[in-house]
Amino acid sequence: METGFDLALTLLLLGVGGWSILARNMMTAVIIFIAYGLLLSLAWVRIFAIDVSLTEAAIGSGATGMLMVIAAHKVGADARRVVHPSRAIHVLAGIVAALVAVGIAALAFVLPGEPQSLAGPVMERLGDSGLGNPVAGVLFVYRAFDTLLEKVVLLLALIGVWSLARDEDWGGIPGFRLFRHHNSVLTLLARSLPPIGFVFAIYMTWAGADVPGGAFQGGTVLAAMWILVMVAGVRKVPRVSSPLLRLAIVAGPVVFLAIGFFGFVMPGEFLAYPQGYAKPLIVVMEIALTLSIGVILGLLIAGPPKGEDAA
Amino acid sequence: MTAALLFWLAGSGLIGLAVYGLIVNPHPLCKLLALNLLGSGVFLLFGVIARRGAAAGLGGDPVPQALVITGIVVAFSATAIAVGLLLRLHGEAGVASIDEEDDAP
Amino acid sequence: MPLEALPVTDSTAGGALLVLAIVMPAVALVALLGLGGRGARTIVAAALLVQLLVAARVALLVAGTQAPLVYVVGGFHPPLGITLRADGISALMMVVSAVILAAAAAFAWKDFAQPRGKPEARLSLIFWSALLAMTSALNLLFTSTDLFNLYVGLELLTFAAIPVVAIKGGAETVRAALRYLLFAVFGSMLYLLGIVLIYGAYGTLATAEIAAHVTPNAATLAAAGFVTVGLLAKTALFPFHLWLPPAHAGAPAAGSAVLSALVVKGSLFLLMRLWFDTFPTLRAPDDMQLLALLGALAVIIGSITALRQQRLKLLVAYSTVAQIGYMFFVFTLVPTDAGDVIAGTAWTGAWLQVVAHAFAKAGMFLAAGLVAEILGHDRIRELGGLSAKAPLVVLAFAISGLSLMGLPPSGGFSAKFMLLVAALAEGHWLWAIVIIAGGVLAGAYVFGVLSRMMAAPAAGVELATVGRGRQLIALGLALVALLMGLLPLSPIAFLTIGRLP
Amino acid sequence: MTDFFTIIAVSAGAVLFLAGTLGLLRFPDTLTRLHALTKVDNLGLGLVVLGLMPQLGWLSAAKLLAVWLLVQLSGAIVTQILGRSVSGGEESR
């Protein structure tokens, strides 16, 4: 029964993934890709990675999908204007792709028979931190350095997107307004949903210490709420140079760095937590990160600042 | 462990599909989509490795799982920058194409 | 079967410097964003000054103790945690990148100033943020010993490079940036695929642990292959070089300088680190010949394409494609049973090439930027009158060119001479010929440009004046490359500190 | 007894989903497709949730109910917007 389900899911993943590659219309391809992401998060549940499943649904499918829908909406018609490769290239590509796929599939049978795992060592010392979720333990205790740098990557992605503004538009309002949609029903949703979403985002972050969830998943919910509010025009969109916005962007990284440096003082190592204070510090850090991640994700989706009057 | 093996095959197949898409689709948005598919295939393989390492009462090795989460975020960041570049290129050139053009005046 | 544990390495005295080298630029980046352009350049200057001091201190400590610096982040030892480690080559590259970044920042000081009394400027915020992130990413790549942590570093470096390429706007540069990004993301996905396989086989991502247990089984070889191809795409080795020239030529001069001098070296450093320190026993001579062959093709094709360019910045960028090629001879010239004089000669030659190229190319790109500023264009046919108007710029270009050609005395000469000696001693005639031919071709394109610069100006051309300070910066970098030629032509012990025997 | 109820309710929900999907694929235009999808899928999800609730503690059951309510809300609004944009309604452009 379960194998049947997994087999069906595998075939669906390949079918839907292949469809999104082959689809002629770009918008179709992108929408199928979003569906593919949701199927993929199901596969992550099947291999006991609930945290990954939530991240895939939120970021891999949701946020990425939204970006691509925007892109396909604007450039979708280009597909007809670029030169398509010849039939021979298609055949060659098919052969290369098949070889790659078969080669990697075959590696499943040559990996060492005894699986390697760090699950044991992770659990052995997880108690010290007071966290209940081993994935959170890896992200915020053992490999917190990775997570810290990943936040810098996110800041840099924002710099990258903002770098594409025109000089005269700099300091203006991010492109939310370009897809602003005046509609009484949407306004209703934008007024009623965010309080629920806000509570849910905090809950996800809070619960992430012990069960699947965490700052990223919470941050994505927050970003979705913010985008909804902006698109419905319920609140004014802040300028990219607004000090408050900047504060929200750097709040998470600042708290993370501060806690990292405090480790030098107590207990004496960078990014180590004082005995017994690991969990409260991590929760504080995660809440600040949720805010920053929510704002950064929203800004990344909104795109670079656009001119003051371009409606 | 059949689930693990099946999803390993799924991951391999997805990587193959992505490679095909990267070669035959000339438009940068299609390439971006294929790269995302490639990434998700690689992540899925990592998830299978994690599943193989189920121990200590856990359904999977939490280290690769945590790394995949970081990987998904990094891949999203790349997508965000790429979409930004794509839209700017479309705005500047009227068509978003990355085909070789003679740079010499 | 869990792998047997290695003896635990604890943090050494001064190890915390490595964390500072990576984290302080990040602190500065956060401050830059948070303060909204106020005091942007002060923050950058402070951060780069700290960087110079930290790098110098690291190098002195490594030289003093003749042992690597180690820092165990958070006190969590591998395989659970991440360890930073600086050996001789890490310390060398940290110093080189700190110096070149500082020089590039000084060169860009006026161009990317925050206008007084005006709201935050885009150029200023973007350029300085990217430069800081680059600093952090490079130090991470030079010191991290965790394969996934290195992946984050690679991505950080790419995402820092993209805004520098795209900062001018315009269809050409944005297209170049997009191509660069797509190539780079493809490369990192392959790298990640390799890591997945390695974790599956060894259950760890720590390079020292992998090195201790590595066996040439199918999974490991496939992993090494994926990682290598991924990094080659990021390093722009032939045939993955097509993204590089438009990207490097499209950036502002200071940006081009750091992109060509340092950013491509980030992934190259990692590639060398992996093959020599992480899976040294996998280095089958035939596979390494393939890398050397690609390097040779890069030297020849890159140089010939450079010769045919009509714009100066593109010529300089194609020259980068060629010069990267030389560095790949190290993979065959340092045999698996390293330790003899020949191997040491090749090893030293390769690192001299990395460093000499970094300084020479930074100097050359800055000079090319000044040329474009003086003339208002960078068409090679119309360079006439430069030598009379700005002799220092022409001198900087010429001295950098000397090192690229490999004429004595210059760092480029020492590097290429040592590679040549090693190639001849080991009977690799073909690579020896390529090394010489590359030098001749470089001579042709450098002298081609210089003769145009010496020509009389075309009638009615107005030449702008550029500040002497920036000319001196370009000249200074070129002179460093020149002075490296005074080093003795023998293996340098510092480059082997802390490496596995 | 509860198991029996769960099987019946979840199966009925699944059948409704199937019908809704068929409608999505077979119906001729956007409005009729929306009609098929929303009505049937809301009911289908409701039945699945209802069927699963007795299997769980009250907290999890409440969470399931919240999921259903949220889907109702967002589904209704998205349908509204889609419908208006198709029929060229009052505020759409």
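So that you can tell them apart, the chains are marked A, B, C and D in the order they are listed, and the count of residues begins at 1 in each.
By definition in this document, a contact is a pair of C-beta atoms (placed from the backbone, for glycine too) under 8 Å apart; a residue touches a chain by one contact, two chains touch by 3 or more.
Please read all numbers here as calculations on a predicted model, not as lab measurements.
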Contact counts by the stated rule: is the higher one at A-D or A-B?
A-B
Could you work out how far the Cα centre of chain B sits from that of chain C, in whole Å?
27
Distance-wise, how many Å sit between the C-alpha centres of chain B and chain D, to the nearest whole number?
31
Could you grab the centroid distance between chain A and chain B? Build each centroid from C-alpha atoms only and quote it in angstrom.
13
Flagged in chain B as touching 2+ other chains are 15, 32, 45, 49, 52-53, 63, 67, 70, 74-75, 77-78, 81, 85-86, 88, 97
Could you list which residues of chain A touch at least two other chains?
104, 111, 115-118, 122, 142-143, 146, 150, 153, 156-157, 160, 164
So the touching chain pairs work out to A-B, A-C, A-D, B-C
Contacts from chain B onto chain A in the complex sit at residues 2-21, 23-27, 29-30, 32-34, 36-37, 40, 43-45, 47-63, 65-70, 72-81, 83-88, 90, 95-97, 99
Of all residues in chain A, which touch chain D in the complex?
181-186, 188-189, 192-193, 196
Flag every residue of chain D that touches chain A in the complex, lowest number first.
70, 73-74, 77, 80-81, 84, 91-92
Given the complex with chain C, which residues does chain A contribute to the contact?
103-104, 107, 110-112, 114-118, 121-122, 125, 141-146, 148-150, 152-153, 155-157, 159-160, 162-167, 170-171, 241, 243, 246-247, 249-250, 253-254, 257, 260, 263-264, 267-272
Seen from chain B, its contact residues with chain C in the complex are 15, 22, 28, 31-32, 35, 38-39, 42, 45-46, 49, 52-53, 63-64, 67, 70-71, 74-75, 77-78, 81-82, 85-86, 88-89, 92-93, 97-98, 100-101, 103-105
